[in-house]
Amino acid sequence: MQSLMNKPGSAITQSLRGMALCHPDTIKVHFDPDFVERTVTARSGKVAVISGSGSGHEPLPTGYVGLGMLDAACPGPIFTSPSPIQLLAAVHSVDHGGGVLFVVKNYAGGVLNTELTIELALQEGIDARFVLVNDDVSIANVANRRGLGAAALACKIAGAAAESGYTLDEAVKVTRRAVAACRSMGVGTNVNTLPRNGPGAILADDSIELGVGIHGEPGEVRSVSKGMSEIVGLIGQPILKDLPFAAGDRVLLLISGMGGTPPLELYLFSEAIHDMLVANRIRVERQLVGNYLTSLGRGGYTVTLMRLDNELQDLWDAPVHTPALHW
Amino acid sequence: MQSLMNKPGSAITQSLRGMALCHPDTIKVHFDPDFVERTVTARSGKVAVISGSGSGHEPLPTGYVGLGMLDAACPGPIFTSPSPIQLLAAVHSVDHGGGVLFVVKNYAGGVLNTELTIELALQEGIDARFVLVNDDVSIANVANRRGLGAAALACKIAGAAAESGYTLDEAVKVTRRAVAACRSMGVGTNVNTLPRNGPGAILADDSIELGVGIHGEPGEVRSVSKGMSEIVGLIGQPILKDLPFAAGDRVLLLISGMGGTPPLELYLFSEAIHDMLVANRIRVERQLVGNYLTSLGRGGYTVTLMRLDNELQDLWDAPVHTPALHW
Amino acid sequence: MGQEITVTQLRRWLLAYAARIIENEDHLTELDTAIGDADHGVNMRRGMGKLQERLQDEEQTEDIGSFLRSVAMTLISGVGGAAGPLYGTFFLRAATSPTNGSSVDLAQLTQMFRFGLDGLQQRGKAQTDDKTMIDTIQPAVEAMEAALATQQSTAVVLAAARQAAHLGMKHTIEIEARKGRASYLGPHSIGHQDPGATSAYFLFETAAEVFTKTGAD
Amino acid sequence: MGQEITVTQLRRWLLAYAARIIENEDHLTELDTAIGDADHGVNMRRGMGKLQERLQDEEQTEDIGSFLRSVAMTLISGVGGAAGPLYGTFFLRAATSPTNGSSVDLAQLTQMFRFGLDGLQQRGKAQTDDKTMIDTIQPAVEAMEAALATQQSTAVVLAAARQAAHLGMKHTIEIEARKGRASYLGPHSIGHQDPGATSAYFLFETAAEVFTKTGAD
């Protein structure tokens, strides 16, 4: 059935239309250039929060559009950044005079396109800023760290801040602080299936890929015959040491499947993560477990920890009403 | 990474423990015999609603435990019915004197085990009944029709009825009516991956399997080079004609991924389904699109229509707070 | 004829049955591979392991009804699949035969089996010729009833049961499945012996061996 | 020397460029297959198609600034990937050179390229030897500036630019990528020519061809 997805242009357009038909109260879709906008109008002066991303990571970003989160999302082609034309169209549609905050994962295309969009917006007198998401500890060089689960968390924090009246400066500041409090890592359990490549290769039964990206970027192949606790041993220390997280910390735990991992396996992984956190005396104050940042139908998971303080926790708890998150 | 799931016994137990750690406010887990119970205690005299199912279909049934839905769920081994020992342990734990309603998909093992459990419960003076879910129109012989998405819907309707004070008789009656108003069909886009079999075969790019079950039961292989609207053409008529649904009907639409289909493809499918319903002047009053009834990580979807009346719609809208559904 | 069967003999029978099933685990799984989901041997083996544990427990009842009920619960928890609740129901209902006490004579044993068979049929809704364990158990019980009516000896009654069970089991090769997973195969199920009919045959094979030997003591 | 370049000549140059890229689509994709994600040819081809449409539009400006800005927006919407915003920025910033008017002389053309180059570097934060299109464009612009300082003819200045661009492009084979996707490969990127440096080379190759020919008219 690969063929259904083989014409990414029209498939993505149709899929967006389908999404809007499924969530008519929450989102509406614009085409050519493509972007998704929330239906609930924002009060004048509210900071607009926008996120662009290549397609294939759903629900990020389109599933996070709605009250308390994104004002608009711009989906690019599969695994490819949306263009400044899309981003600028979204700016024109959702700017309410409070300026625009972009949440951008740290990949060259995304950053370049967002920076160019900001240049174009500034030329029109629209104040626009961006927050870079770079939580992937599997990359040693911090400047090259990719954006993973913190992208979803940053959209929530920025959206809640904007909704509750933060100025653009304040919203940028707290969202940067949120990202700075996050560390993540990805584990692949099979190889990515890109529409153009057909089904991915399968890793050996006892092997995983450590530190994979969400676009099929390879990780380090490891044999893990001892199961989940062994995997968690391999990713737990790099994550905890990097911030570092310390005994007594309160955290938000996000465990996201990459799209092809059954809930059964995701919860199996969660169990081992919880045990690791208890052993390190880190308290899970809030958590999300499910498919929140995916990589088409690949098998695997990413785990993200965000160290909470009162402000971040309040923003996290603030009401949200989107296709993928609502409380 | 198949090996992580290769020891189903212990993997399922650990996964249940992980699930409880991820949703501590909503569910708690009992082991040996294994069952999941809601944390919110029910008022005395409330009908208890229980559903058992082989594992591998998550969130069904464990993700539907909580206020307004299931009092308890019993997960069996992968694709294998739970035993009467599990079911009876759940009965003992959640019976509040109002009797017990079991929601059972129509597969021999599930029915036999539930009927035996009911016999044992009756011997103890506990009133227990079951509602059979058999919504799969791909099977001509109605007696052999398998349970698909209507299982999730029946759990919601039964749970809401029980919560709002229906007697056992009344709850059974309305849940049977809900199931009778449902018709479903499954489409497979690759072949099932059972832990013991390793990765499934992949269908040709332009092929689907029509009328697959959720345990890898094969369907009819069809070439569908024209894409989603062609698929919807193949399943739409059998579903609509069977009830039959008629112009002017209000329906609840459930589109569930089988676990390995990316949201992008699921919404692409949704678009075609919506277009088909509009063409038949059937109004989608409520809808759920996501992974609600899965088949490990297989690619594919099931679509379920339930004809709504006021009572069913009110029960659907009633508050629910479970890991997988909450409003 | 007047021979009395106690819990001790029933236990001996079921231990022989468990051993026979365990010897035949692979064979049963092979049969289920052809027309089912390749687990009947595994299911039965798991249940028989639990049954052996249970039967080796020190604390034992002398009441046949309680004994059969405990066997039933062990099979229900141990076997799983369709066979678990079916065998479980067989023993659960056999336990309710009103003439069970601390021992049964041949007529009472036959009635016990009849109760089990009726329960099994009520549970599974299968008839003979549906290609299930009913094809073994029903002719065996009917053969016992017929032989009893003509006042045959224990050895003769149980030999008749065993032979009828064997014929029934072999007959499942020729017919199309109408119940259980094999029914999904329709006419393709023809030519294969039913796994459940096979595991049920061993009930009568071991009964003939154990009770006859006991009777000869 | 005193030759003036108008929007008409710029349009002719960019049409030649578009044609050259389209001829080389597969080559560019092959280069990106070795060290990137196999789409540079596809990306550029898509953008060049849109550029051709745009340049064939009837309604045209005579103002070089507006013309370049419209070229930039076309590339931004058409190319995608990293190359889209980079080429887009090059033309967007080239459009802001204060000496642009309805025509530019050789010095003003050079300044226009300098503005483009500076914008590109600001956007992508790459230096020479990072194995990107900068390795082509920076030496080319510097060569133009140096040749201008010694009062060379249009033909000589543009030949110098083309030669420097060519050397820069070939130099990318020898170095390790530090920017863009190829940088993920580290030392494994050595031995492969950078796709963006290659597509950028054609800017100067076609400029030398078109503007020199124009000058000879």
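Brief remarks follow.
Going by the order they are written in, the chains are A, B, C and D; count residues from 1 in each one.
What we mean here is this: a residue touches a chain if its C-beta (ideal position, glycine included) is under 8 Å from a C-beta of that chain, and two chains touch if they have at least 3 such contacts.
In this text the structure is predicted, and so the values were computed from the model without any measurement.
If you tally contacting C-beta pairs for each pair of chains, A-B comes out on top. Rounded to whole angstrom, the centroid-to-centroid distance between subunit A and subunit C, based on C-alpha atoms, equals 58 Å. Between subunit C and subunit D the centroid-to-centroid distance comes to 85 Å (mean Cα coordinates, whole Å). The distance from the centre of subunit A to the centre of subunit D, with each centre set as the mean of the Cα atoms, comes to 34 Å. Within subunit A, not a single residue touches two or more of the remaining chains. The touch graph of these protein chains is an open line. Pairwise, the chains that make contact are A-B, A-D, B-C.
Contact residues of subunit A toward subunit D in the complex are 33, 76-77, 80-81, 83-85, 108-109, 112-113, 115-116, 119, 144, 217.
Within the complex formed with subunit B, the residues of subunit C that make contact are 39, 73, 76-77, 80-82, 84-86, 88-89, 92, 123-124, 179-181, 183-184. Subunit A makes touch with subunit B in their complex at residues 1-6, 11-12, 14-19, 21-22, 55-56, 58-59, 63, 189-190, 198-199, 202-203, 205-208, 225, 227-228, 255, 259-272, 274, 287, 289, 291, 294, 296-297, 299, 326-327.
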